[in-house]
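Each of the next two complexes has subunit A plus one other chain: subunit B in the first, subunit C in the second.
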Partner chain A sequence: MLANANRLTPYLFLAPAILILAVALMYPVGYMIWASFLDWNPSQRIAEADFVGLRNYTNLFSDAAFLESLGVTLRFAAVVVTVEMVLGVGLALLLDRQLRGMTILRTVFILPMMIAPIVVGLMWRYMYHPTVGILNRTLKSMGLDPVPWLSDGGWAFTSVVIADVWQWTPFIFILSLAALQSLPKSAMEAARIDGATGWQLIFYIKLPLMMPVLIVTALLRLIDAFKVLEVILVMTNGGPGLSTEILALRISRTASEFRELGYAAAMSNLLLILLMVLTLAMFFYGKIMDARAARIRAEAEEAV
Partner chain B sequence: MPEIVFDSVEKSYGPTRVLEPFDLHLADSEFTVLVGPSGCGKSTTLRILAGLETLSGGEITFDGNPISHLDPKARDIAMVFQDYALYPHMNIAKNMSFALRLKKVAKSEIDERVQRTADLLNIGHLLDRKPAELSGGQRQRVAMGRAMVRDAGTFLFDEPLSNLDAKLRAKMRTELAEMRNTIDKNMVYVTHDQVEAMTLGDRIVVMANGVIQQQGTPEDLFKSPVNKFVAGFIGSPTMNFLDGDLTDVGGTMTVAGDGFSLPLSDALAARLRTHGGKAVTLGLRPSSITLEETAGAAIDLRVIVAEYLGAQSVLVTRCGTEDVLVEANSATPIAPGTIRTFGVLTDELMVFDRTSGLRI
Partner chain C sequence: MAAKNPQAANPAFYALLVALIFMSVGPIFLMLATSFKLNVDIMSDSSALFFFPTIRNYETALCDMLWYEVEHVRRCDPTFGRALVNSLIVATVSTALTLVIGCMAAYALVRFRFMGRDTVSMTTLMMRMVPPAVLLVPVFGIWTFQYGIDGTRFGLILIYTAMNLPFVIWILQSFIVQVPIQLEEAARMDGANPFQTFFLVVLPLIKPGLAAAAIFTFRVAWNEFLLGNALADRNSRTVPVTIVNSLTEYDIDWGVIMATGMLLAIPPIIFTFVASRQIITGMTAGAVKG
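Then we have the complex of A and B:
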């Protein structure tokens, strides 16, 4: 009896958390999955909506606007993560040294990350303003032509990329710097004695040793980049045309403007699956690394 | 193999002076050991020589050419680190060949040199493993091999054996001693272990508190230490020190203190004649005290503990309030707690000035 009670105790303690998780997470997700099989208008109650099976999903793949938006999202994620990785790791390599005032400098570098996305969007929108924005005014004072930052399709994509890079490079920077500073000092010294130049030290020693951290960082950023919404919403609201309409924005418009809740739910599910694949990739990468480390340790102990 | 000269080299970190200005001359193909307790500046000296630390004053020359402005890679040195500092992401072959690959040596030559060195060190079968897959002793050999494969003019060792267990350490020490005779290079070796220093060094440099106390052959340091620190640091078990006063007892110079009164040999007495009445510290090595009370001057010691080591035992005894170690043949059973008369070989006594610590 007592043994039985002991076995159940942990679940008793877990119960409140599970309950909250179920209500706050599983319920909406289940709701969304169910809704994605319905032709559902916001004026109907969910029970009144017609069941349409997989039609929402099949429609998605012939919907040019959705495919365009998926393309924008993929392009956006690929570009920002690449640029942010290069800049963030580069900055970390540059600032990994003992200089006077470095602590303050590091704090300044990570400030953008702490600003709310809406504020970032507004700030950049003002800076990108065609006539009163600081960017075009600066160009004008230098005698150059103004740039249609947010009003031209090509430029608008670049502009939102710049804003995202500005906000999220610090994230990569901070993690890379932490990784750099935890690298074994003596291996660096050994490499210097072995004759490595600064660049060789970076490419042959530092970057390979940082790789596990960099992979996880890139995956985290990738997941985040797929979900970006506020900054772009405020800056361009997806325009001009569909040039900056990332998936999250498309979903929100499908639900609120086009009033097709079922269709929006199907899109959300697809995005969720995409993110799930990335998350699982990260999870399994971690698992594989752990297993490898464990195997190596076991072998090394055997070798003693 | 360059002749290495330190010319008034000094080192400070901000206001903290870690190395007082010193001169040091390392002859061609010499095995020099820097030895001293933690924080004495021996590793800093080595790192300055390697170019991993800058010097705050003075100059180092290789064959007369100043090198303190040169990068480590321009100094033609190889170094073995205390924690081995292997590259964790490269296999052993890649670890060992890193320097050669950077120098763009032909691949066939690299392979040949790595294989030859690895075979020499008995790690030939480990070449495609990663460092994490090796035991401590194997990693140590790889670190050694990585330095040897370079064929540099000067080898630096920063406490290379201190992370090994006692048995492996002794084995590697022997191998190093053997290697020393076959490799015709400058070697500078840092350790805090005086046994390593004594067994490996052609020349030993004893350091304490950022100052070189004495340098010389192992025998020099053992037989004629310049001060109490060197006398206490070199030799195992360590030298016993007893405070006493120098007095003339019926024409014989004698050191008398709490629980002992030992006459000095004629040679020593002649040197000390002018120091009569002075406060001194007497140094006796554990090997200078024997169980035969007639072998020299008599001293009464209370035996506290007998540390049995096999053929020999180390007796921890007490003279007054001071501990005195005695090296004795285990054949004679000694019961702890007894007071016994021992013989002191007075020829081997040393006398130090109690205030300055210098040997008189």
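Then we have the complex of A and C:
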């Protein structure tokens, strides 16, 4: 009896979680995969929709607007992650010292990540405002020409990138600072005794030792960059033209404005596959690093 | 590093520190200032810092929840007050649900060996990255046509709980692993059943982890827009949805909108100042144990 109860215990602990995940997450994802093969609009029940096979997918790759938005998404993710990694890691290397006020900086740095993306979009839209915004006012008071922050395609993309950099550089800063401070002191001491300069220390000791954390951080950030939606929705709603219409926004518009649920599902599916690949990459990278660490440890023990 | 740096007090570093703090707080401060301004002050060319602060914008947004009549509001629009109540209910209930269910699941995954364990933990890992945009179409379809819970708070609570569960399970695992198993064995010896062991011994020990998980969950449920927009009707709208709805192409009432934005931002700001350490621990655990 007791043995029986014991064997059931883990399942009892798991049951509520599995129930909710099955009903509200796994079922919807499966539903979406099925819907991506249908010609379906919001006024129909799904059973009434016509099965169209792979048509939604083939249409996607000849749809200029979709390809444009895919390009915008990839460009956005690449630019944002690169800039944030360089800035975040750079600042962490620079500020890795005992300064009074570091705690304040770390606390304050979390703020942009914690407040609603909607609000972040709102703040930046206000600052970018052509007449009342602080940026153009400052430019004007310095006697410079105002910049069409959100109304010109090229500038709008830059503006959106700036807002994201403001919001997420702190994330990378905090993680790389934590990584830096947990590096083994002995390696640094040894290098310094051997006469390494500050730059050599950074490039040959610190960065290589931090690399595992940095790679995971970059991947996490990349995954998030593909999910960005609200900030851009509030700032530009994808415009002007399609210059800032990232994939998540395109999906939402296809579903609600163009009312083509099957087509939107096909796009969602592609986005999901993209994110899945990145997540798996992160997972296996972690596994490989664990295995390598275990092997090194085993070798070290053998040597003793 | 620090020990080797007697010259750490270099003023340039402090200048950089102050500049960074200023840059990250500046936009938030600007929003706060604008929310206390009359529209004439917002539009005027004069300096942004000198103005006569007023709480009118907040009164306009919350007009139906105040205990006094607001005379400058001609027709009171109860949308925002209602949305605030909805947001509070949805975010709080879904956070509580997620935490209870999530830490039970995390405990099972850490402490028991059972059939299907690897499948479950692999599935939660994969489900972690499903973004709201991907769930938009299926959740709209299922909630409307099959479950019949579109336009209700329960519908929102269900999807937010499901969205947060994988992350919470996964982050709590790393905290539960650190609980010494001897404590649990001792409790078991004294005759506690697994549920008593869990609720009376393990839970109190992982409070910091629970705090971090609670904050991250609340943040997602409180801030989410896309699914809230697709599922909610007039009566169950949350704050982010009302804010986006009141954004029009031209003629935006910046004062009122900034006041509503500020109200939406206040809970996360409070959490940040109260529990920044837990938040940082949660974030770091996230990356290091990717």
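Basically, the second predicted complex is superposed on the first by the 294 of 304 C-alpha atoms of A that agree within 3 Å, B and C clash if a C-alpha of one lies under 4 Å from a C-alpha of the other, contacts with A are read in each partner's own complex, and residues count from 1 in each chain.
Everything that follows uses one rule, which is that a contact is a pair of C-beta atoms (placed from the backbone, for glycine too) under 8 Å apart; a residue touches a chain by one contact, two chains touch by 3 or more.
This is a predicted model, so every value here is computed, not measured.
Once the two complexes are overlaid through subunit A, subunit B and subunit C fit side by side, free of any clash as defined at the top of the document. In the superposition on chain A, A:Met276 makes contact with subunit C only, while subunit B stays out of contact range. Contacts of A:Ala294 after superposition: neither subunit B nor subunit C is touched. The larger set of touched subunit A residues comes from C, when the choice is between subunit B and subunit C. In the superposed model, the angle subtended at the C-alpha centre of subunit A by the C-alpha centres of subunit B and subunit C comes to 90 degrees, rounded to the nearest 10.
Once chain A of one complex is fitted onto chain A of the other, the partner contacts of A:Leu209 are limited to subunit B, with no touch recorded for subunit C.
Of the two partner chains, subunit B is the only one touched by A:Gln200; subunit C is not. Contacts of A:Ser252 after superposition: subunit C is touched, whereas subunit B is not reached.
By the document's definition of touching, both partners, subunit B and subunit C, reach A:Arg192. Superposing the two structures on chain A brings subunit B to within 5 Å of subunit C, judged by their nearest Cα atoms. Overlap of the subunit B and subunit C contact sets on subunit A: residues 192. Only residues 6-7, 9-11, 13-14, 16-18, 20-21, 23-29, 31-32, 35, 42, 45-46, 91, 94-99, 101-112, 114-119, 122-124, 126-127, 131-132, 134, 137, 166, 170-171, 174-175, 178-179, 188, 192, 213, 216-217, 219-220, 223, 226-227, 229-230, 233-234, 247-249, 251-252, 255-256, 261, 264-265, 268-269, 271-272, 275-276, 278-279, 282-283, 285-286 of subunit A touch subunit C when the two sit together in their complex.
Here subunit B touches subunit A in the complex through residues 50-52, 71-73, 77-79, 81-89, 98-99, 102-103, 130, 132-138, 146, 150, going by the rule given at the top.
Remark: subunit C residues 1-2, 4-5, 8, 13-14, 16-18, 20-21, 23-25, 27-28, 30-31, 34, 42-43, 45, 48, 100-102, 104-105, 107-109, 112, 114, 117, 120, 123-142, 145, 158-159, 161-163, 165-166, 169, 194, 198, 219, 222-223, 225-226, 230, 240, 243-244, 247, 254, 257-258, 261, 264-265, 268-269, 271-273, 276, 279-280, 283-284, 286-290 touch subunit A in the complex.
Of all residues in subunit A, only 184, 186-187, 189-197, 200, 204-205, 208-209, 211, 293, 296-297, 299-300, 303-304 touch subunit B in the complex they form.
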